[in-house]
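Labels run A, B, C and D following the written order; every chain starts at residue 1.
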Amino acid sequence: MSGTNDVSDWWRTSIIDMEPGRISLRGHAVQDLIGTTGFAEMIWLMVTGDRISGPRAKLFEAALVAAVDHGPQAPSIAAARMAATCGIGLQSAMATGLNMLGDVHGGAGEQAVELYRRIDGAGHDGLVATLDAWRQHHGKFVPGFGHRFHKPVDPRAPRLLALVGEAAGQGAVSGRFAEIGRAIESRLAEERGKPVPMNIDGATAVIYAELGCPAPLARGFFGLSRSVGILAHAWEQTEQGGRNKGPTPPGYRWTYDGG
Amino acid sequence: MSGTNDVSDWWRTSIIDMEPGRISLRGHAVQDLIGTTGFAEMIWLMVTGDRISGPRAKLFEAALVAAVDHGPQAPSIAAARMAATCGIGLQSAMATGLNMLGDVHGGAGEQAVELYRRIDGAGHDGLVATLDAWRQHHGKFVPGFGHRFHKPVDPRAPRLLALVGEAAGQGAVSGRFAEIGRAIESRLAEERGKPVPMNIDGATAVIYAELGCPAPLARGFFGLSRSVGILAHAWEQTEQGGRNKGPTPPGYRWTYDGG
Amino acid sequence: MSGTNDVSDWWRTSIIDMEPGRISLRGHAVQDLIGTTGFAEMIWLMVTGDRISGPRAKLFEAALVAAVDHGPQAPSIAAARMAATCGIGLQSAMATGLNMLGDVHGGAGEQAVELYRRIDGAGHDGLVATLDAWRQHHGKFVPGFGHRFHKPVDPRAPRLLALVGEAAGQGAVSGRFAEIGRAIESRLAEERGKPVPMNIDGATAVIYAELGCPAPLARGFFGLSRSVGILAHAWEQTEQGGRNKGPTPPGYRWTYDGG
Amino acid sequence: MSGTNDVSDWWRTSIIDMEPGRISLRGHAVQDLIGTTGFAEMIWLMVTGDRISGPRAKLFEAALVAAVDHGPQAPSIAAARMAATCGIGLQSAMATGLNMLGDVHGGAGEQAVELYRRIDGAGHDGLVATLDAWRQHHGKFVPGFGHRFHKPVDPRAPRLLALVGEAAGQGAVSGRFAEIGRAIESRLAEERGKPVPMNIDGATAVIYAELGCPAPLARGFFGLSRSVGILAHAWEQTEQGGRNKGPTPPGYRWTYDGG
């Protein structure tokens, strides 16, 4: 397709080209991608425009797999399950869950990539100053570290870091963002006198930083990953049935705080 | 986690079990899944509860890869690109696109799985009667066949069917839903005196039916697949910039139809 | 604005006309509407194209006021409150709540208008047959009657019906849909041997039917009305604070149902 | 309802109190509000907890009426119209439009209220410094002033300011935020050597500031107001029909920018 006027130019993309009977995605005929390309590789290709393969693809896939679900206490999952009982379509229930992911719920990965990059730019000796400056501006939480539930350790983080280590050993990534992550962990433990271990967001952010991915995509990829859990839960709830499911059993209702 | 009271029982799931430091997904420790499980396999496991592997996993992955994008003329993609210029988060832009997928835009796969299953139930001789009954109830469109743009052939369909053929040759699937799809195609061509070829929805529906997947999941899986294109386009638009992007260049506006 | 080409014709509307410095809504200069038109009247004008005033406007306003909120047990309200703690904008939190309203949660009003119209078409003697036919097709629930919480009476319904009675007394509406509603109520009480009183959906549907409004708009107007409660709760939650608010206190989690 | 345990306390609200047969909104029995309270007054009561009446209610109503629509070039309206052709419910189409409203599209009102309050705090002589500080931090756009389409004047702004003047004359509001708005307008005209007139966001922000409303509510109220136009357009599109409506006529497609 080669539009030359202002109307088709209003919608410019280098992602997809089409003519009747022909679909080309990032320069590859769709029929050549189908059956030869893994779904994770396809995600990377579509979003970044580049191919990913080998140990780097494995890392990306691990990050996607790790974040699919954290149970119905997460507002995204709870909302999707409730939506599934309200008579909207399955994809609308998914959208309801996905729409809950914002700066607070699912935003820490993006923030951690940014923080790592700043520390990387500042050099090893700049870690403390960079961390302090970050907290002065953003508040006391360091994105990607500590977990209100998983104590002492978020089981996903060490596994993801081990995979980064393997990939670094093969020369597929530099490994320096894993070092930065570990250095932050050490610094926080020192400051607080107890472990503040890296969590899922901190660990996937190491992977996204190692892969050279823009920080906001850590958020986008988290959205794709958590959509899997959202779909699984929305579907399970559909099969369980129910109508207008509320957050607690109907008998509890709420506490009235007014005058 | 084993809640025994009515509050924790209000949220029952067999998808995920958790304790501090432990996350189990469909009975597997999360750290055992990370690094060993492909993203497509993880999707299947989470949503259906079963493992998928070998030629069946390859089929599922092909269906996910095939449907990622159909360009900015699709309302889901256009809406996500516009949303990306309105100052909402990337995941909210994704949700906006995903929320457009309904009975008409992304619903044909589910309907085609249902139609195939009915024909399968009716037996080979029942095809014409089943098809007629379907159309009498749902209208003249047969879901999964014909395409307003891709003529003569939707390039994704033959490739997907070829993969089903391979998997059937290996005994991984029965192949009978591919036959049903081809039989519908023949019947429609006969009726109309011209080809009405199977499209992406018809072909992915063959795969979902072959894999034994409930019809509504054809819709859920399509949602996951198209979310990839939605993210790619929302991100590309973010990088292109723009504020409050409308559907057409500002000079065109709209036609006023009032008195 | 008078586009004559296919691009501006792609977006045709009789709602709004614009030129630089001029905005006309349904044929009225916006500055003439501001300060002279109530918000409810403006809603009616924008959506239906007609003016509403006097007792009819009062009825419409009553329907909008009656449905604004039913508390945080309603999934729409709960989801909006949870969304408000996830770091998305206030309007996205509102959209999250509004998106929960579907066939089951907020769809009964539309269905009740349809049912009333059918009974109206069938004539008084046709009530039982029409009601039976409806239930045969849609299931045992009669939309707009009975309430799982408000027993014996939903306090909104009698008040709304009294207003319809007043308006009918003034000749502003016919009153025949109120009669149909009461006849359904009598029939259901007779069948079940106990009262099955009209609820908010049944009562607002009487008003929408009396006003001559297409059935689907009963759903759209409900969406506008409930958006008020959604905003109120999302804002209250914002002021209360919280991060990633789940459906129940964190200590409860959920019940694992797996193997 | 007076829950005393941690489960009902998890959902605390002073908006609504309920028992079977009784609904109290902000301390008023719902049946006492229905038929006596205008929809705009109900919105104010629900969201702020206070009653509004007389000239103040009229101002609030004017702000709600003024912002209902700006035509299908606005991404919120275009998205809702496209959604209406995708086979999702009317409320989901509304949610799609509402979800587009973010910092850029519909956020200027909130920002303008904040700016006015800062200038009010700084005193008359602080206007220039406050304005400069704002732009240094937020960029060159001053929220609420200038319009890319309505030149020389946004017809909604002078009408809204005239109403503020009337209310100030009656002593119902102070009028000092209208003065601040006009002072900003003068300063910008002086700086740029041409008029940069107040737009709808700047004018509604004057009203919200005069009414003492927290800045984020300017955004929430805008969401309610624009939802009216969103519904009107989604419904008009539903009646026009169409399937999978894209942003431009199908013949135009898009411009491929890839290699």
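Here, a contact is a pair of C-beta atoms (placed from the backbone, for glycine too) under 8 Å apart; a residue touches a chain by one contact, two chains touch by 3 or more.
Because the structure is a prediction, the values reported are computed rather than measured.
Undergrad: Select the interface copy of A-B from among B-C, B-D or C-D: the correct pair shares over half of its contact pairs, counted by residue number.
TA: Among B-C, B-D or C-D, the interface that shares over half of its contact pairs with A-B is C-D.
Undergrad: If you tally the C-beta contacts, which comes out ahead, A-D or A-C?
TA: A-C
Undergrad: For subunit C and subunit D, let me know how many angstrom lie between their CA-based centres, rounded off.
TA: 22
Undergrad: Can you check how far apart subunit A and subunit C are, centre to centre, with Cα atoms defining each centre and the answer in Å?
TA: 37
Undergrad: Could you please state the distance in Å, as a whole number, between where the Cα atoms of subunit A are centred and where those of subunit D are centred?
TA: 32
Undergrad: Send over the residues of subunit C in touch with two or more other chains.
TA: Counting only residues that touch two or more other chains, subunit C contributes 7, 9-16, 18, 71-73, 78, 87-89, 92, 95-96, 99, 101-103, 106-107, 149, 247-248, 252-254.
Undergrad: Quick one: in the complex, what on subunit B touches subunit C?
TA: Result: residues 1-5, 7-18, 26-27, 87-89, 92, 99, 247-248, 252-259 of subunit B touch subunit C.
Undergrad: Give every residue of subunit B touching subunit A within the complex, in rising order.
TA: Subunit B reaches subunit A through residues 6-7, 9-16, 18, 20-23, 25, 29-31, 33-35, 37-40, 42-43, 46-47, 58, 61-62, 64-66, 68-73, 78, 81, 89-92, 94-96, 98-99, 101-103, 106-107, 149-156, 158-160, 162-163, 216-217, 219-224, 227-229, 231-236, 238, 240, 248-249, 251-252.
Undergrad: Contact residues on subunit B for subunit D in the complex?
TA: It is residues 7, 71-76, 78-79, 82-83, 85-88, 92, 95-96, 99-107, 148-149, 243-248, 250, 253-254 of subunit B that touch subunit D.
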